[in-house]
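Supplied in structure tokens, the structure appears directly below.
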Amino acid sequence: MIELLEQYGRLLLVGHYPNGPLGGLAMTILTSLLCLAICFPIATLLALARTHGNKTLARFYTGYIYFVRSMPLLMLIFWIYYFLPYVLPFSLSPFVTIVLAITIFSSAYLAEVIRAAIEALPKGQYDAASALGFRYWQTTFLIVLPQALTNCIPGLVSQFILIIKETSLGYIITFNELTYVAHELNKILLVKPVEIFTILAISYFVLCSGLSQLGGQLERRIARGRLSNDSDQ
Amino acid sequence: MTVTNEDPILQIKDVHCKFGNFEALKGINAQLEKNEVVVVCGPSGSGKSTLIRTLNRLESISAGQILFEGRDIYEKGMSVETLRTKIGMVFQSFNLFPHLSARDNVALGLIRVLHRPKKEAEQTASELLASVGLGDELHKKPMELSGGQQQRVSICRAVALEPTVMLFDEPTSALDPEMVGEVLSLMKTLAGRGMTMLCVTHEMGFAKEVADSIWFMADGQMVDRAPVSDFFSGDISDRAKSFLKAIH
Amino acid sequence: MTLDYSAILEDRYFDYLVSGAITTFSLALAAWVAAIILGLLIAAVRNIDFLPTRWFCIVFVDYHRSVPLLVQLFVWYFALPELLPQAFTQSINRGNPEVFFAWVSLTLYSASYMSEDIRSGLRAIPPGQFEAARTIGMNYAKMMRWVIFPQAWRLSLPPLVNQALILFKGTSLASAIGVAELSYQARSIETQTFRAFEAFSLVTLIYMVGTIMIMFFGDRLVARYALKRG
């Protein structure tokens, strides 16, 4: 296994970069970060659509959540990658497909997390804001979101882990991320499936398990902060 | 207080109880006679709840001896389950089983522990609940009942097993003020029927009216044990006096 | 582009869809049942006060929650047959190894999540419930059977329903190791007829029917059995 890592470790880490396209683990992480960065503002807006109080917006939100919950991510990838070229003058690259599909999906899940955090805020916060004469957007951006989004940080970490795991579906449309690179390597070498897939699984395990430990610590810290705030009151 | 020649029901001999380095009970001596009603009071953290929880082995003691009907409760061959059916307990937070109706809460012990036939147990439970004024609430779940009603159900759950002694751990502390009366009057009825009772409570009115003796505890020690008349006429320690002053 | 469902609803492709749907639904159901049993078992073993078994459970659960399901499928399908005794591999290969390994992967994956759901259901039961059961004279077995378990499964129900949903959708990944389930058939029909919209919309619709059924019955179950506590 050591020998394999010496020879192909670099390929699994960064693909053919810098002499060719980036790939492997680096691609997985960068794509995941990009997806998370795009998801976050969309999810926040979605959550606000739900909590705003407008019925049409709330219905749109519910419809969107149900739509995402009712379909496998793989089918969405099929729609984008295999169907869109029939109706568009161009086709989307595997990279764009994955980012688009994951963003559509994760925005819904993250929106649920943010919505829960907004709804968990004590009603007194809204009363205090209106007592100060704040309008909706002032209340939202100065009072509600700063608190709710801070409480969401552990949820954000969990979402990041989910996204990293979802990027592995890139393999199906030959997107150059870690799972695809490992699978290709297996096809070339043929005789080392045990080593290759063990390395692949361990890589994800270390990355995601580590992140979830971090998320757990953040959660405990935030919970402690909230407790001490409560006892101050 | 009924004077009898029988052995005390409960004898507590030099009982110690430790949680890690903290000594919650520091050598308690006391005894409970048949038909006696005792109110245990004292500041919070004095060990009064711990004391009654050691009596049915919800907490283990680290030294000393507890005799129930003359037998050591830690003695070999003494089944802890049988002991607990003979010592009923009522908790501050009711601890009713939320997945069962009021009737089924009361019937559960009869069916699963005393192995009574289901029909008969349900009949007994229904009659018992009706006798405490809950005949219309038999099929409600605990969450559909008020706090006072829940506590009455939980008293019935304990009484159903026909225990020899009843332990009450601050039974009215979690109740809204207007519901305290209904629970206390049920306890008074029980006492009137000759039930032996040990009640941790701050309800001094109840103590005056119903109790035979008062045990006053502080810092894990039994500071005073006095007949109720002596206790309220002031024949007690200074600590107990200042405690009484503080809660009035 | 004109829509023409008749082209893909002719005998051959219709058969693709039906067999795909049957594979998807039965794979999901078989894995769900096995996962609940295994999940309960893991939750029980995890609570035993013996370090080796506890650590095994922790790592087992952590592995299945941290590694993408697709990679778990690859490990089972490509790597493990090399390590298993040959006689065993051969007997699997005589049947349908793709479906077998997909079932194993989905079961282990789901069981890991479910065991955590069951454990948090157990933890959500207040200590007073255990004490109350003890005070009416119940021993450990009776307490678990009549007081704790009836509450734990009710408390675990909402996440277990959600897990059924995730599992059902997760079967789609089995196509990557060649299981001929719904999304596999969607691609086959599309590549053979070039009718992407018709093929994908039908398959998406079947998935939606499945997920909406799970959500609907799940919600009814939760509404009926959920514990109300103040």
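By written order: A, B and C. Residues from 1 in each chain.
Everything below uses one rule, namely that contacts are C-beta pairs under 8 Å (C-beta built on N, C-alpha and C of every residue); 3 or more make two chains touch, one makes a residue touch a chain.
Bear in mind the structure is a predicted one, so any value in this text is a computation, not a measurement.
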If each chain is a node and each touching pair an edge, is that a line, ring, star, complete or other? line
Taking mean C-alpha coords per chain and comparing to the overall C-alpha mean, nearest is chain C
Suppose each chain is reduced to the average of its Cα coordinates; what separation in Å results between chain A and chain C? 22
Take the average of all CA coordinates in chain B, do the same for chain C, and state the distance between these two points in whole angstrom. 48
Centre-to-centre distance between chain B and chain A (centres being mean Cα positions), rounded to whole Å: 54
Flagged in chain B as touching 2+ other chains are none
Once bound in the complex, which stretches of chain C touch chain B? 126, 128-129, 131-139, 142, 146-147, 150-151, 154, 227-230
Can you tell me which positions in chain C touch chain A when the two form their complex? 1, 62-63, 65-72, 74-75, 78-79, 82-83, 165, 169-170, 172-173, 175-176, 183, 186-187, 190, 194, 196-197, 200, 203-204, 207-208, 211-212, 215
Residues of chain B touching chain C in the complex: 56, 58, 81-82, 84-85, 87-89, 91, 93, 95-99, 108-109, 112-114, 141, 143-144, 154, 157-158, 161
Over in the complex, which chain A residues touch chain C? Could you list them? 66, 69-75, 78-79, 82-83, 86-87, 161, 164-166, 168-169, 171-172, 179, 183, 186, 193-194, 196-198, 200-201, 204-205, 207-209, 212
